[in-house]
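Several structures are given next for inspection.
Common to both upcoming complexes is chain A, partnered first by chain B, then by chain C.
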Partner chain A sequence: MDLGPLPRILTVILCVIGIGLCFWVGRVNYKRVNPERKISVGIATLSSMAFFKLLAFAALFAIPAGAVTFANYQTFEGVHAVESCERCHVMRPMATDMRDPASTTLAARHFRNGWIPKDQCYQCHSDYGLAGDVEAKMEGYRHLARYTTRTYDEPIKFKGRFHNDNCLKCHAGTPEWEGVKSHQTVRARLEESSLSCLNCHGRAHPTRSARTPGSDDYDRLMGEEGDK
Partner chain B sequence: MNDTPSSGESGRVSRIMPDDFSRREFLWAMGGLGAATAAAFAGWGVLEAMIPEATADEWHKAVCRFCGTGCTIKVGLRDGKVVDIRGHEDGHNKGVICVKGSMLRSLPQIEGRLTKPMIRSGGKLKEASWDEALGLVADRFKQIRDQHGPDALAFYGSGQLYTEESYTANKLFKAGIGTNNVDGNPRLCMASAAAGYTQVYGKDEPPGAYEDLDHAECYFIMGANPYECHPPLFERVMRHKTQNRRVRIICVDPRRTPTAEHADIHLPVVPGTDLLLLNAMAQVIVEEGLTDDDFIHDHLRFSDGKNSVDFAAFREFLKDYTPEKVEAELGVSANDIRRVAFMFATSRATMSMWTMGINQRTQGTFLNNMLNTLNLITGQFGRPGATPFSITGQPNACGGVRDTGSLAHLLPNGRVVTNPEHRAECEKLWGVKPGTISAKPGYHAVALFRAMAAGDVKGALIMCTNPGVTMPDRERYFAGMEKCFTVVQEIVPDSQTAKAASVLLPAAVWCEKEGVFGQGERRYQLIPKLIDPPGEARSDLQTLVELAERLGYGDLIKAKTPNEVWDEWRKFSAHSKYNFEGITYPRLRELPGLQWPCPSEDHPGTVRRYVPGDPFVHGDKEFDFYGHKDGRAVVFLRPYVKAPEQRDNDYPMYLTTGRVLEQWHSGTMTYRIDELKQAAGPARFHLNPADALRLRIAEGDEVEVRSKFGKVRGKAVLDDAPRQGVLFAAFYDAKLLVNTAVADWFDPTSKEPEYKLTAVSVRKVS
Partner chain C sequence: MTRLRLQAWAAILALLITAAFAIHPGPYEMAAFVFFAQPLFLIVFISYAWRVVKDLRQKGVL
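So, the complex of A and B:
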């Protein structure tokens, strides 16, 4: 669900309220609070001590929890964007190539033709369903750990097995896909990802050799050609 | 707060910590921080362990076993077995392969592999040891040579043998045994292309490369169906087309193949008449002034096949081929002829592409001449995207057979047996006595099998091919194989050819042995040995080396390993314009192939020939057709002659044969791989619905197809792809041996049979 900037705004508002409340609660001298005094909050009437305790609870727990929830939502949703992926420079060649109108990679063709209108990296690299979303987050965390600890070699290499579900979730079932006889006879292999869709349909991204620092294409793929 | 360090006692901590932050609290905080860090790293570790298992444990660069595209692949291994195949992203194919290549993983494990030598005794094949089998072969071959002369022996090889194997067989038979009876299935496949190139440029093999597919603006595809037969090439064409709106595809084919369906213009010519189209296009180009006159003046000469003529004679010759004169016989309108001629000549870069529809013809050499001519007279040559390009059928017909000269009239690197200087050169390079190599051309494929049937050839070694299915007029030649002492090295015991074998030897296949493949664009690539062959199966090279030893030619065949043979061969090539001395095994292990000419180990290989970048182009010439002494390419005046097979009342339809996407050649390999077998299904006769209606044939009916050569029965399928009056069948299915009915007429120059055209009758059986 796309909530636009709402989570971010709510996060900021909650943070401001939370900080204000903390400051207020911190300044309250509880020894001088008159326990007999009643404070009316909407339809409820509370003793002043209960009110301040609730206020403290809200300041210290409820509002921070809310702020964290909205912030995390923002984080989880925000990392779907291509811009989020290409913040790591090793990913930049993929994004540059994807936006290159002259490129013939699968990523570029899907982008150019608007077949995947947004969050293109995420759409092809998260398996179907909730589990896919979680797995993608876990994989993202692994990438983050690798990147921040510099435990990777450039050009980076896809590890493990790319699940064809990412292709089939859109293509399977379409008349074009179902009409190809070869798809039917290797369907089981495609579904278990033991036969790569890329075999017949080509590279998804620039080659490793093009992404190797010092290669003829490296500066262009890093978007640095104009800097020279 | 008593244990809180004072600012004086612990300067550093006290400066950053509040006064009321105790040591205990500090340690708790540090502990918590450490625990959080440990948890983060532990989570990372768990995630690293959770990465989905890759499909293979190790990957090795290799080459696809099937068609002449020669895709660079990665072979995935696990537990000593091939478990996955991927396109190699750094290969010329840019990571793209096809469904056949994808299922190559199953090839070494196909059921029923032949694992032991067998000797026919009492009409049945019985298991034997290698020693017994090769001992028998050597004894019989010696006996035949001594009693009937060396020309009673023959080698029938394949465009699927490794280069080292074809080279060794050629050397053994021509410089050892002393016969030029060395031919093979490339005669059935690429001989017309080879003859066409050699006549036009003085040298065989294409001037262009696959890279031209990325630059052409007009693809003129004639007698080829790359969508099904060379899918990675057509994928490349379509990608380029979707990127460039000016790109046009013209397809000339009597069938509306999937390639034709993707074309902008499809010309469904009447089978056998397409030289009319090429000559008519040339006529339009000349009359409309669409020729490149400077190119013609500077780089071409004209010939009628015997004598030199001039451009005016060419123009005069073409007057018989105006579009209006040819349209009725050709089956394509004059308007369409003019349209494609204009597109061909005026596009920024035109790439003509052809294969079996052109080569497997009695006018195959002429057709090849004219396709080259159209590119030459319009100056569509030598620039990126502008080139004539014959696509290759087999993975190593070019490098393995054409370059090594493993055909009956050839010697290595374009030399011919009838030329005394060429023979002397080869005798010197091979270190044999002058006069060793016979001056008499050997039997070409059709003649060889006829000689076997006639008893003139009494002993033959057949390797890596299945002539029991692939020869035209099949039954006639199968009888020849049965009559002869036929030694067959094969991967299965039940191929059609194995059924005629006197001795059957188990063959290693693909990555069970090491060697070099050379595909359609002059690129050599290495296939490493990755797995062991089953049982006692051996490489064909091992068989040849040991047979040479037993026949007494051990001193001649000194190179006994693939690397040793390759080194001998590449040094041999240095004495020619096919020079690839710089293509060494270490370079091939490292790189996804190299294109020859490549004369030194620091040479990057040659993408386009006869233009700067080709190491043999002299000085600063813009074009140099160095295959001819005058540096010019030759335009031939090639008259159209009607094919020997013409429809009449008795045989009112044309039968044409071909291939389907999921199967390759005679199906010995691909029809034993479940996924490919299911995808292709049994072979059928494809009949236009209008013809079917006239003949009262319904889908699935059993039909009999009869020609002057034989008859075949099979199921009919109604398909509007063939034009009316044309019947199509593929030849991969041993249950529909369509070549039984195919005519064995052949091109008088290339000697390649005309598989694409047999007059037949069709009738419903049930």
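So, the complex of A and C:
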């Protein structure tokens, strides 16, 4: 479910309210609160002690819990967008190439022909994205930790194994795919991913040499060619 | 329960990181939220709950 920018807006609103309330709670000395004093909160009148205890509950539990919930929408749903992937500069060559009308890579052909209308990275790589199963989430967090601690070498290399299921989930069963004789010949091997779809259909993304900083294609793939 | 100053400041720090992540969800902001702000919130929750339980025990409610 795509909620657009609403969860982010709600997160910021809750954070601002929470920060204000935390400032207030941090200044309260509960031993000096006069329990006889009454505070009106519109619909009810509370003793000042009850009011400040409710305030602490809101500031230290309820509002932070709400902020974390809405912020996690971004970590689980927001990361599906291509823009989210390319915020890490090592992923930018893949996104730039995908949008290049002259590129012949599989990603670019899928993008150009509108075969995947949105969240193109996620649709093909959802077996290891941040929104997959527990193992997939751990893998996503590992990528995040490696990137932010700069414990990686450029160009990055996909260490896992790309499962053909990611291709077959759309293609298998379609008349076009079933009608190709060679697909039937190697069907079992394709289904168990012992034979890659890329063997016949070309590469999915630019080569590692093209993605290496300093290469002839690097500036173009980083979208920086026009900046010079 | 006397003061909740430490818990309040920890929550303010975690809320600031969360707001930064919501405004600009880049990789560094996301890492700060996932690996620092969320554990900090957990520490705040546990610490606050512990103070509440201690308070209730002192008053003989628990």
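Here, the second predicted complex is superposed on the first by the 176 of 228 C-alpha atoms of A that agree within 3 Å, B and C clash if a C-alpha of one lies under 4 Å from a C-alpha of the other, contacts with A are read in each partner's own complex, and residues count from 1 in each chain.
In the analysis below, contacts are C-beta pairs under 8 Å (C-beta built on N, C-alpha and C of every residue); 3 or more make two chains touch, one makes a residue touch a chain.
None of these values were measured; they are calculated from a predicted model.
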{"item": "Partner touching more residues of chain A, whether chain B or chain C", "value": "C"}
{"item": "Which superposed partner A:198 touches (first chain B, second chain C, both, neither)", "value": "first"}
{"item": "Touching partner for A:214 - first (chain B), second (chain C), both, neither", "value": "neither"}
{"item": "First (chain B), second (chain C), both or neither touched by A:145", "value": "both"}
{"item": "Contacts of A:163 with chain B and chain C, given as first, second, both or neither", "value": "first"}
{"item": "Partner chain(s) touched by A:182 [first = chain B, second = chain C, both, neither]", "value": "first"}
{"item": "Which superposed partner A:104 touches (first chain B, second chain C, both, neither)", "value": "first"}
{"item": "Touched partner set for A:19, first chain B, second chain C, both or neither", "value": "second"}
{"item": "On chain A, the residue positions that both chain B and chain C contact, one per complex", "value": "141, 145"}
{"item": "Chain C contact footprint on chain A (complex, rising order)", "value": "7-9, 11-12, 15-16, 18-19, 22-23, 25-31, 53, 56, 59-61, 64-65, 67-68, 70-71, 74-75, 78, 84, 87-88, 141, 144-145, 147-148"}
{"item": "Contact footprint of chain A on chain C as seen in their complex", "value": "1-5, 7-9, 11-12, 14-16, 18-19, 21-23, 25-28, 30-31, 33-35, 37-38, 41, 44-45, 48"}
{"item": "Touch list for chain B against partner chain A, complex", "value": "40-41, 43-44, 47-48, 50-55, 83-87, 89-90, 94-99, 101-103, 231, 235, 239-240, 242-243, 661-662, 674-676, 678-679"}
{"item": "Residues of chain A that touch chain B when the two form their complex", "value": "102, 104, 109, 138-139, 141-142, 145, 159-161, 163, 181-182, 184-186, 189, 193-196, 198-203, 207-209"}
